[in-house]
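Think of it as A, B, C and D in the order they're written, each chain with its own count starting at 1.
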Amino acid sequence: MSIFVDRNTRLLVQGITGREGAFHARQMIEYGTAVVAGVTPGKGGQKFEGRVPVFNTVADAVRHTGANCAVIYVPPMAAAGAIFEAVDAGIPLVVCITEGIPVMHMSRVMPFVRSHGARLIGPNCPGLITPGESKVGIIPGNICTPGRVGLVSRSGTLTYEVVNQLTRNGIGQSTCVGIGGDPIIGTDFIDCLRAFQEDPGTEAIVMIGEIGGTDEQRAAAFVKERVTKPVVGFIAGQTAPKGRRMGHAGAIISGSSGTAEEKLGAFETAGVDIMRRPVDVVALLEKRLGALSKR
Amino acid sequence: MSIFVDRNTRLLVQGITGREGAFHARQMIEYGTAVVAGVTPGKGGQKFEGRVPVFNTVADAVRHTGANCAVIYVPPMAAAGAIFEAVDAGIPLVVCITEGIPVMHMSRVMPFVRSHGARLIGPNCPGLITPGESKVGIIPGNICTPGRVGLVSRSGTLTYEVVNQLTRNGIGQSTCVGIGGDPIIGTDFIDCLRAFQEDPGTEAIVMIGEIGGTDEQRAAAFVKERVTKPVVGFIAGQTAPKGRRMGHAGAIISGSSGTAEEKLGAFETAGVDIMRRPVDVVALLEKRLGALSKR
Amino acid sequence: MNLHEYQARALLKTAGIPMLDGDVASTPTEAEAIARRLGGKVVIKAQVHAGGRGKAGGVKLARNTAEALDHATQILGMQIKGLTVNKVLVVPAADIATESYLGLVMDRESQAPVFMVSSAGGVDIEEVAAKTPEKIVRLAVDPTYGLLPHQALTLGFSLYRDFNQVKAAARIMEQLYGVFTGNGCSLAEINPLVTTPAGQVLALDAKIVIDDNELFWRPELGLMRDDSAEEPSEAAARRANLSFIKLEGNVGCVVNGAGLAMATMDLVKYYGGEPANFLDIGGSSSPEKVINALKIITTDPRVRAILFNIFGGITRTDDVANGIVEATRQFKVKVPIVIRLTGTNESEAIRILEKVGMTALSDMDEAVQRVVQLARKAA
Amino acid sequence: MNLHEYQARALLKTAGIPMLDGDVASTPTEAEAIARRLGGKVVIKAQVHAGGRGKAGGVKLARNTAEALDHATQILGMQIKGLTVNKVLVVPAADIATESYLGLVMDRESQAPVFMVSSAGGVDIEEVAAKTPEKIVRLAVDPTYGLLPHQALTLGFSLYRDFNQVKAAARIMEQLYGVFTGNGCSLAEINPLVTTPAGQVLALDAKIVIDDNELFWRPELGLMRDDSAEEPSEAAARRANLSFIKLEGNVGCVVNGAGLAMATMDLVKYYGGEPANFLDIGGSSSPEKVINALKIITTDPRVRAILFNIFGGITRTDDVANGIVEATRQFKVKVPIVIRLTGTNESEAIRILEKVGMTALSDMDEAVQRVVQLARKAA
């Protein structure tokens, strides 16, 4: 079992003929994801890799292929428009990989996403993967293995680092979700925690946060109230200075708010086991799950 | 019984210190409507007529008086803003009397009204009245009398003409609603037909349409499918030329669409009794209701 | 308010929509000069608010400057559907590969601006809509988000196969949407939108209607109004803040409220008469308005009898009575007047009328029957 | 991107927000001339991207032109938090009746622009927020509808009792919202918003932060960037498209990915070291980027050892290895380098490194412990 994506995910790739889009489309196809369509305006009628049909519009692609998930690899200046298009075409799950979308664009996209009842993951995220079933985005498939630990993270390579630790130690994952490092994102920790809590295939949850904002604090409160499964947490940026944007547009301590201490304190209050180092994830999970999870 | 307004209506008047607003607020108070507040920015703290408190904002007024209905008498340049304000403050029923609001403004107001679950009546309408209980707007109270006929109309004085015929002939009204003569209005014939159909206090319905648009045609289809109560209908503008705006911004035949013949044809198909003259309303209702309605 | 083609073109041009160069002329020699500047082969187009200009001889192709002068001489001053042509538009004659239709209209049903796009352009779009509705692509724009990029592209794809033309059309859609919202339009139309043999996408003819309610905010647009293009009595009524439309009958009507005014006209017809006009004096009508209304109606020599139908709500019937008395004092009304009034201050109104020997009825049906009879007698 | 106060003022002024006249000067005599034009009694304000200018002596009141010259001479060229003052703003000294705070910030939680308004202005608003949060009125604006008129008025009422001041403030809110959305701001702040004894409402000081992601669309704003107001190595990194922040430690870090970069810094600290920087070379990193990264890090004399921590996903670890080899060929790196890499093309990367006698670790913990040890030894 898993959250958000699985064997039934029929994926459409927006920007499939671009450099990034083409590279990752191939990777996803190789992994076994059902990539059913691509969209690049003006290239409708072509076939990607000789077999994935390319359409001019998302609406066309949905009509002809029944795609139910879209992943976006278009440049930042067109990315908000791509989200609007996917949602407008009735796609229920839209994953936006693109980094560098103006926050103002996202503030106009989100009411549209919500009023259409769609889910957006990202932007500026690595996407998500249900190991062995469906990879949507750019998380390297080879570092993942199926299992019963759900992982949610604001980061990209730090996620890989942690997933890699899990896999190397025989701890498989139900689904790994990168929610993205921007200030405004479509799916937050709480959305993923709720889904993992409800997913019978998930036994424990790993939560990788970072400085900036209050998402982790609210997530911790949610864990305390609603999550009965064990949760292990990490916060990156304990040594980050105040007021500086640490790469991610969202990783910035404003005044005294959004610090690592504040977030770790919230974790502690909520009974979330704290990883001091990425490698700690293995020991903490093994302690909480025992041998059971090692399947 | 009645629709939309009754004894429990706690009315707030936007623009209560203006010429129109003050005049009609007095008339509504005289009629017995519970006018609980007025709003005029900058005049907060005053009392209208020595007893109705005036507030700077609708939110303030709602907080202090529990108003649950707003009627708007502000100039066209501020009217759309007044609707936004009332809806934003959580008022569930907003009645806009103002004539001359740009249609573009209304096209931006309506998604806001809908997404907030509010009902707008108008603009450019005479409002509504539940005889003996609550008068919201400008329909003269003295021509109405309580009873069991629901009336819905796109017009003002033509409504009075018909209501007057009813009252003079002893046929009382449950509620009379003027939905307004503009191209974009908040509440249409179907909304009112549905409400009258569900209202146990309404036994028959009078529907007064005019040329322009397709609201009457869709209403007729609705009558055919869903309305079991007798419906009597009138269409003004049989002698109107094409392409000319007959006073009301909405009363215009575009091409071959929106003509009186088209609408009367739809009435006929739906089994709506057609009034050829305003005076016919009495005979048609008496035929359908018998002596019963004369209460 | 309708704009002339040359005025609509100016708004489109400001928005950056690609068009052929062209200019407006009030005299044949001006037209000739423009034609010379444009290379001789031009189209001369009458600027009047009337459909069917072409069939009426108001649009002509000139193969050279001399012909341009001839055609302009013919067209300027000609009458089309009762309106005099005071201006002509002179534009280069374009080589055309394809013709499409592109319209944006404030749609009452979807309560939003709606694009109507068809590759079957150049002809009457209503004909296309009636006979082959599948050839029209409709797209409603949520005004809170505006025209989204993919929507513009989708419309472009519905017109062209060449991606450069698709993008050019999409850009024009966005620009047209900007013109529409930026100027408070109820209609903005490009017909035809053409492609040239070289592949360029151009707007050839434009039509814009401004929502009258917007003019208060946009006095600069109000200045574009061409009084000479209106029925003179309608222009006079507009200046007097009366809602008035001239018709062909002989029963003048003065009514308060648009719905009641239409119903009154219908009732005149029902009883065998013909209304001479639609006239709504509005809600809070002063005696002044009544005087102006009577002035305008009595200038129509066809009018044989006049009906006042006033249902007093906000309108005070005594105001109306005072207006009638004052008007008949100021100028002689040569045709009979039938007055029906009821409602607010009715008895006071009757007193005012009776003082000068006039009477009033209280029943609409009775009043209409009476005025129709009088008009018939006088005809 | 932070704007200087004088730049922020220019954007506000363009939007019509009422402000005192003022101008920016680069030399004391320029400042003196401005002061003379403004009547002598002025405030001289250092234009640097640092808080606490006042306490540092960067803001001074001059009672006359001579004092203005003196103060400008003192302030120009002074250092505030390591930054040199190259420009001063000269504005008239205003008579102030009340001081308020007016801020508009892109709020991540409400996913919308949020107004923060307080009649307790002039001081540090975060202090107000922490101690007396009830004194701050917050209002989220739905960007699909924009700031609605009643919202602006409500904010105005939260500041003033006088209705003219309320309306003036509401207008300023609308103008500030226009500045915010029109320039892609993440913050737009007026502090203080003052009333004069005569009742006028004025913006006295302004702060604007532009979302870096907007600069691609808005090259005209990018031109406002003041490189001299940045850490030189950070400016160099930005020009090389590297995400880099200088810190005080001695362990240089080159990492791919922002989260992993922060986690690496944290781990350095965990093992007793001090990171010298944050550096994210990004996803698809070319050898070129690695060379630039090494150049920038090695200019810091405090750096005693350098750690590469690369988790190859999109990033090809062989690209990184090639970059390291090429860099050490181009210039001598005098401090030890510890390389950790794993993932895409890992074995190829190791081959490349081994060819030049370098080695790589695959475990992050081990690599961090090693580099901390090396830095300690070298210190």
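Please note the rule applied: a residue touches a chain if its C-beta (ideal position, glycine included) is under 8 Å from a C-beta of that chain, and two chains touch if they have at least 3 such contacts.
Keep in mind that this is a model prediction, so the values were computed, not measured.
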Length of the line joining the C-alpha centres of chain B and chain D, rounded to whole Å: 56
Between chain A and chain B, centroid-to-centroid distance (C-alpha), Å: 50
Touching two or more other chains - residue numbers and ranges from chain C: 144-145
Multi-partner residues of chain B (at least 2 other chains): 108, 112
Pairwise touch network: line, ring, star, complete, or other: other
Complete list of chain pairs which touch one another: A-C, A-D, B-C, B-D, C-D
Chain D-touching residues of chain B, taken from the complex the two chains share: 41-42, 44, 56-59, 78, 81-82, 84-85, 88, 108, 112
Parts of chain C lying in touch with chain B, wherever the complex brings them together: 106, 108-109, 111-113, 126, 129-130, 142-144, 181, 184, 186, 211-214, 216-217, 243, 245, 247, 255-263, 265-270, 275, 278, 280, 283, 311-315, 342-344, 364-365
List of chain A residues in touch with chain D within their complex: 20, 23, 76-77, 99-104, 106-108, 110-112, 126, 138-140, 143, 153-161, 164, 181, 183-184, 208, 210-211, 213-215, 234, 236-241, 244-251, 255-256, 260, 276-279
Residues of chain D that touch chain B when the two form their complex: 145, 148-151, 153-154, 157, 163, 166-167
Contact footprint of chain C on chain D as seen in their complex: 144-145
